[in-house]
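Here's the structure, in structure tokens; my notes come after.
Letters A, B, C, D, E and F mark the chains in the order given here, with residues in each chain numbered from 1 onward.
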Amino acid sequence: MTLHLINRTPDNRGLFDDVVEAISEGDYLLLIEDGCYAGLAQTRAPLGSLPRGSVGVLKEDAESRGLLGRLDERLELVDMDGFVTLTERFPKSLSWF
Amino acid sequence: MTLHLINRTPDNRGLFDDVVEAISEGDYLLLIEDGCYAGLAQTRAPLGSLPRGSVGVLKEDAESRGLLGRLDERLELVDMDGFVTLTERFPKSLSWF
Amino acid sequence: MLSYALLVHAAPYSTQGSLSALRFAEAVVARGHAVKTVFFYRDGVHNASTLMAPPQDEVHLGERWRRLHATSQTELLVCVAAGLRRGLVNQAEAKRHDLAMHSVEPPFELTGLGQLVDAMLTHDRLITFAP
Amino acid sequence: MLSYALLVHAAPYSTQGSLSALRFAEAVVARGHAVKTVFFYRDGVHNASTLMAPPQDEVHLGERWRRLHATSQTELLVCVAAGLRRGLVNQAEAKRHDLAMHSVEPPFELTGLGQLVDAMLTHDRLITFAP
Amino acid sequence: MTDSHHLATCNDALLIVLRHPPHGSSWLREGIDVALVTAAFGREVELLFQGDGVFALLENQTTGALGQKGTHPQLMMLEMYDIERLWVSRTALTERGLTTDDLMLPVSVLDSDEIAALHAAHASSLIF
Amino acid sequence: MTDSHHLATCNDALLIVLRHPPHGSSWLREGIDVALVTAAFGREVELLFQGDGVFALLENQTTGALGQKGTHPQLMMLEMYDIERLWVSRTALTERGLTTDDLMLPVSVLDSDEIAALHAAHASSLIF
């Protein structure tokens, strides 16, 4: 099982297509840095197909961008400690950029 | 009248959308570096809407990528001297990245 | 306790990647794990420059990496092939390339890519921070 | 004859942008125009490092920029704010920031952003080369 | 409040196009730096927020990781430098589910054809 | 020639995902460098060409501007390093109007669900 990290906006359409192609059931996708914008409730990113509880957004990065309160409610808010916990839980991580 | 330069692949969907939004009649779009891939005959880039004779591809960059013979036939092949000529003809240039 | 290796591709001050790597490293240490190795590759090598002089009200990335080394004995490894191209040289390499100055000092070490392979094999986790 | 200014944002050896800027500059000169100014901003400032030591079978970007200066009197301007953050310092700045080494030497000059504004106003063309 | 008359006439102001979001990279900050310096040199400057650049204007931004300052304090200085023409792409807003109510500064929203006209009307532009 | 059996079993090889095209940046070259060094250290390596990475395999590439070497000579060395499993995303090829006939090396083409399975089967991967 894999922890996927995305740090770019949905403007990078090809990137999001490739991530979705690579994700398996039981994987987790964490949106960090500019990846947080993909968590906006109304977005072009093709994350809607991913099951609830499998996508999170890094709280610190979402907050600095003014995104708290604007995020898709299916997303988990993950703080830095939670980020580390995810890397404990998932032996493998993949950074998409 | 403006010379637009693109150096990224059509994977950067938002970039191409923004360029198309900014182009006026009489402008010229030159594909350089990885932008050359947008000149492939079959491509996802929304360049089809631009008139013939207004889009070129930098020959040197297309050639090094193995793209000669694969390009949309509506494109002009522009060599380095031709690139400079375009900057003589267009007082303003815009680099999109 | 898990052992972590970080792979940093991001240039300092241009993208958030270096900051993200640092705060992640600090959070890993705070949870009682060890950050054994940080490997700087591509434009990430610029994190190792001893010559950076950021404004006083901005984080000094070089100092923060050195502090991580001091408190956690983290190895700070710089890919020598990526570094030499980009002007990151230590005293030995400067001499070998006939350069009057150098820009890399301990605890940053210039090493080969083999050290990255080694870090992947020996540590429990590898996390990449990209531009 | 037209006068050109180039704005280079691209880091050397990481993306094609610096190479594109150089070959464009050489083509401009070959057509009888003048490349008056190259302004290095963001990661483009790394083009000014005197410490780069690329493999012998690769283009040495620093040398090629210096050659452009020598043959065409092109000003090679480095944004000082972008440069200081990233470890690009000349002798004067090194002294001011208490650094034992420096990484920028003439013909590269550290200057303010005002020089970019000036180049835009005084030259006929401005072409940007991005990463 | 679009300003079609302004769009149509040729214009000596420097148009700076901001296409990158805050925090994730320094593109936005360094673009605004160029805007402020240009204005300080007495040249007129206008800003166009296109693509992900519209996120620069989102309300409620804060300092980021490890004290990263962000760009919202810089934007608050624009008025002091007499940079008052702020253009925003309607497409960029709509695709991101935003309206002008979400933005921290008053802006003029432009349709796609007006964006092309804005570019055409300016003798010099820079993209960040 | 997909190899579903291989996909399904857990795998000690390092999977390197190449997502960037040649020439425009050094991502591809530096990713292949990691592959070659890893193989030289005696560890098995497999490559997945996804997204724009499939352009790395396009035939008829040449040296680029100012003598830029490109990555096609590097790819020709893969066999010498016993790197023989080359996977390619079918979606990536199709969207770019390419088929395996356009490629310089023999590859195994994977459908989207097979790509996910490939990732799941490898204990470690790196993306370039």
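To be clear about the criterion, a residue touches a chain if its C-beta (ideal position, glycine included) is under 8 Å from a C-beta of that chain, and two chains touch if they have at least 3 such contacts.
All of these numbers come straight from a predicted model, not from anything done at the bench.
A.B. asks: Among the other chains, which touch subunit A and subunit F together?
C.D. replies: Correct list: B, C.
A.B. asks: Which neighbours does subunit C have in common with subunit F?
C.D. replies: In this structure, the chains that contact subunit F and also subunit C are A, D.
A.B. asks: Out of B-D and C-E, which chain pair has the most contact pairs?
C.D. replies: Pair with the higher count of C-beta contacts: B-D.
A.B. asks: In terms of residue numbering, is the interface formed by subunit A and subunit B classified as same (over half shared) or different (under half shared)?
C.D. replies: Subunit A and subunit B contact each other through largely matching residue numbers.
A.B. asks: What rotation angle, rounded to the nearest 5 degrees, superposes the C-alpha atoms of subunit C onto those of its identical copy subunit D?
C.D. replies: Rotating subunit C by 180 degrees superposes it on subunit D.
A.B. asks: Using mean C-alpha positions as chain centres, tell me how far subunit A is from subunit C in Å, no decimals.
C.D. replies: A distance of 25 Å separates the two centres.
A.B. asks: What whole-number Å value describes the gap between the mean CA coordinates of subunit B and subunit F?
C.D. replies: The separation of the two C-alpha centroids amounts to 27 Å.
A.B. asks: Please work out the Cα centroid separation of subunit E and subunit F, and write it as a whole number of Å.
C.D. replies: A distance of 40 Å separates the two centres.
A.B. asks: Touching at least two other chains at once: which residues of subunit F meet that condition?
C.D. replies: Within subunit F, residues 23-26, 51-52, 64-65, 68, 124, 127 contact more than one other chain.
A.B. asks: Where in subunit A do residues touch two or more of the other chains?
C.D. replies: 7, 9, 11, 14-15, 33-34, 60-61, 91, 94-95, 97
A.B. asks: Among the residues of subunit D, pick out those that touch two or more other chains and give their numbers.
C.D. replies: In subunit D, 13-16, 20, 23, 42, 58, 126, 128, 131 touch at least two other chains.
A.B. asks: Return all touching chain pairs.
C.D. replies: Final set of chain pairs in contact is A-B, A-C, A-E, A-F, B-D, B-E, B-F, C-D, C-E, C-F, D-E, D-F.
A.B. asks: Applying the document's contact rule, which stretches of subunit B touch subunit D when the two form their complex?
C.D. replies: Touching subunit D from subunit B are residues 5, 7, 32-34, 60-61, 80-81, 83-85, 87-88, 91, 93-95, 97.
A.B. asks: Of all residues in subunit F, which touch subunit C in the complex?
C.D. replies: 14, 26-27, 30, 33-34, 37-38, 40-41, 43, 124, 126-127
A.B. asks: Where on subunit B does subunit E make contact in their complex?
C.D. replies: Subunit B residues touching subunit E: 1-2, 14-15, 17-18, 21-24, 27, 91-92, 94-97.
A.B. asks: Within the complex, which stretch of subunit F touches subunit B?
C.D. replies: Contacts found on subunit F: 21-25, 51-52, 55, 58-65, 68, 70, 95-97.
A.B. asks: Which of the residues in subunit A end up touching subunit E in this complex?
C.D. replies: For subunit A paired with subunit E, touching residues are 7-9, 11, 33-34, 37, 40-44, 60-61, 63-69.
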